[in-house]
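In what comes next, chain A is part of two complexes: it sits with chain B in the first one and with chain C in the second one.
Presenting the complex of A and B:
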């Protein structure tokens, strides 16, 4: 067996005759924090849910902690953390009651961590879950998914509703989890600057396909926008071409070399790259 | 010393490269002295809220290149003997100058005019 915490092998998924996941190959190993970046409807949520067995893929295989995610036993399930886009459940419970019930399913639950995070997110244990704001619910969902230090943490737009300070502190927790507990994290987001801070790796998803998967540092070093005035005079065969535009192209595999016929080479932030890929 | 460093995650440059360049500049410019201790990777990562892996990569490069020294069980320090090169200070400006030259060319400014502009601004 490999050490992979999550592995997709040639995965396809079709919904209503639309191919929503195309040829997905992706491996997440301990210590990796993978940022999943894509437009709404690009397939991010489907990708994440298929790792939880909530969606069955049509072809290819998914291995979650080495097993088929639709057949995870309780032991393995208790090593996976998941925060969905919309936190749900526990209406009618106070935060305290909800956490007591939730934690009873996890033998590795860390009470100290729970108390720290309640304080940090300024959650009052006596408050009723249904009266919480969206951001507070998200914070509670994060505590519920992380206080047992899961081996694999799957987050679907986890921090969109958190304020910037809570977001930063949450990121530090992710580092602790990935580096100290050797967990793997995959999270989807629109906020490119969050990925740039937290992620070790980035997967760019477009139309159900992973267009680019790389270490973040490596991506910034090897992806460039090149512009030229005469398309026919440019030879880009040494590179992966991610997108072409009028008199410009987005390439991967750049190693500081001179490229004949190119007027200008520019580096891109993740946001710029994201926009350029959809141009 | 961290207050002298400015990390911009949303730049086209990888974070490890930004840290590397700025720490070299601080050493060459004498803002941090030989023997001075660096905060731990973890502290640096927390300070900037960036992944410790990228900080560790920058520190590792600086150690490999001789700017920093790491001894077992001790904090990382600025090396007593800096890598030999009298040109270090100048080569560090290349990237900024290259950008300036590119902008000058786009504006049709000649090298003489550019030199003139630099001399004028230098005096201010």
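Presenting the complex of A and C:
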């Protein structure tokens, strides 16, 4: 049995009387690249922060590398990489100085990987961090989080500010890295094409709840939009209903079977699914 | 691939502490005042010691407290093994080193009163730092801290031995029970907001919502100075007026005399420093300013800025005249026109000189260094005037010249304002 890198068990979190995480059950194992898809304010960042011990959950349990994330020891911390949404902390440093200090905290720092990615992101080591663009800062944060080849990589909208070429290359690297070293990756994003390109699994988050968690390929074959003219004549009890609309529903668990009373069954791209779920 | 972790305590020290304008702003004065304190102790000028000692001590604590806010704003710091400990170790060195120098110097030069003074200033500093380690909301009060220095040094010119002993005991207790203050350096989303706000506003001591929606007339009067400062300008102006009234009231009931004038000069200079700090933090905003139809060129906008500074200085002149005139009248039952005029001119010239130097500064680090020396110069001149028993006509003439030179410097230096255009 594979040890889970990250595990959420029935997690709930309330902020200012709003439930921001609801009944979260999620397991990430080595080799999995999980794309977390959801609208702004859906609870993605809270979900990721709770895996790092930055936020404590109200009920349920979170295990990061098998431990309570608020009590990670040095060895375990060295196996977790994190890129926050807002890169901040090395103002006053040049890129070279920042990487020099940052690498000194990790015994497994890969200098070759650092140099490769500096070149790829076209970062000049002599540039000051505070003078970098948002995208460049994000790129630097990615290098800092990945150059020691962590076992668990947690990325909060890591590529939103990168240009399309850098984004595409980085996402492919991310996938390779995870395959090579048996790492697990969880990243939040709004860009469905990034998920389609690299993720093995997708978790759709809506209002603090994971509406759907599945392998990407499985999701493409099992999720459908069904249209009907008479709601009462349709029996959808064999399926998970993700959302209902006027004379239509988004269902999961479809296996090419006939559904009585349904006029039309259509497949959905990830982007269409995202939109339909929020319709 | 495996590297051994051979990190020295000073790795990243210079970049972290000296290239971040927030902490540099405190560290530079601290270094300068450590040197001054040692020299003053060596020379035996005991009158100046309370100020220099307290200033050094408070700067050291404020710098480390500031960085503790930055640490709370950094989301990933607790996840990097050893990072927080590394920074805290450097912070401890920053706090301990100047105090060790001061204590050693006090013992060598037999200035034992300094030890008593230090025990109290360290207690206040420790309290402030321990609070800042757990919450980012405390830092704005550091400005109060700065303002308090002056009063503090007057009150504690002679610290009683019992108070010093009590301060030492309290300090040891604080350090021992520091964990009761809460979890130190824990990441908080609010900390980044507080950090950025404090960096931009120059640590305004006034609450954010104060006078919201009022003072539009003043904003128009001081435009475009108010454009860079936002609400802070009104707040600072109100603060000047409050201090002005407080000093007048104090002198009405209790003859505090000329030290009140020196206190007022210190405060207006610190406010000038804050105004400039905010302007430098927002200098990229020139781009929007010059698109306004009221300016036809960048130079015109710069001149308008210089004029706004002059208007502000004019307000300081009016306050200085009233304050010095009233205080002298209350003391001697007759007006002292020469001292009143000389003080008002010198005080206003000091503010204008600060504005002039600020106009030349593009980077905050350079600004901090330049302003420390300028403030020293300006306050030294004001100190001479305040300490003079009878101001001669010649001295008044010199004060006039100083004022004219400062006006000219302000107007001329405005051409050098960095606009990023």
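Basically, the second predicted complex is superposed on the first by the 277 of 279 C-alpha atoms of A that agree within 3 Å, B and C clash if a C-alpha of one lies under 4 Å from a C-alpha of the other, contacts with A are read in each partner's own complex, and residues count from 1 in each chain.
As a convention for this text, a contact is a pair of C-beta atoms (placed from the backbone, for glycine too) under 8 Å apart; a residue touches a chain by one contact, two chains touch by 3 or more.
Keep in mind the model is a prediction, meaning the values are calculated, not measured.
S.K.: Should the superposition on chain A be reported as showing a clash between chain B and chain C, or a fit?
M.R.: Because the two structures are overlaid on the shared chain, the partners are seen to fit without clashing.
S.K.: Tell me the contact category for A:117 with respect to chain B and chain C: first, second, both or neither.
M.R.: After superposition on chain A, A:117 lies in contact with neither partner.
S.K.: Kindly classify A:89 by the partners it touches after superposition: chain B alone (first), chain C alone (second), both, or neither?
M.R.: second
S.K.: Per the contact definition in the header, classify A:272: touching chain B only (first), chain C only (second), both, or neither.
M.R.: After superposing on A, A:272 lies in contact with chain B but is clear of chain C.
S.K.: Just to be sure I read the superposition right, which of the two partners does A:77 touch: chain B = first, chain C = second, or both, or neither?
M.R.: Only chain C is touched by A:77; chain B is not.
S.K.: Pick one for A:54: touches chain B only (first), chain C only (second), both, or neither.
M.R.: second
S.K.: Could you say whether A:193 touches chain B, chain C, both of them, or neither, answering first, second, both or neither?
M.R.: first
S.K.: Which chain makes contact with more of the residues of chain A, chain B or else chain C?
M.R.: Residues of chain A touched, chain B against chain C: more for C.
S.K.: Please work out whether A:106 is in contact with chain B alone, chain C alone, both, or neither, and reply first, second, both or neither.
M.R.: second
S.K.: Nearest approach of chain B to chain C by C-alpha atoms in the superposition, in Å, rounded to an integer.
M.R.: 24
S.K.: Hey, which residues of chain B end up touching chain A in the complex?
M.R.: Per the touch definition, chain B meets chain A at residues 9-17, 45-46, 49-54, 57.
S.K.: So in the complex, the part of chain A that touches chain C is made up of which residues?
M.R.: Checking each residue of chain A against chain C gives 49, 52-54, 72, 74, 77-78, 80, 82, 84, 86, 88-89, 91-94, 97-98, 100-111, 145.
S.K.: In the complex formed with chain A, which residues of chain C make contact?
M.R.: Per the stated touch rule, the residues are 1-7, 11-12, 15-16, 18-20, 70, 73-83, 86, 187, 192.
S.K.: Once bound in the complex, which stretches of chain A touch chain B?
M.R.: Per the stated touch rule, the residues are 31, 33, 168, 171-172, 175, 179, 192-193, 196-200, 216-217, 220-221, 266-272.
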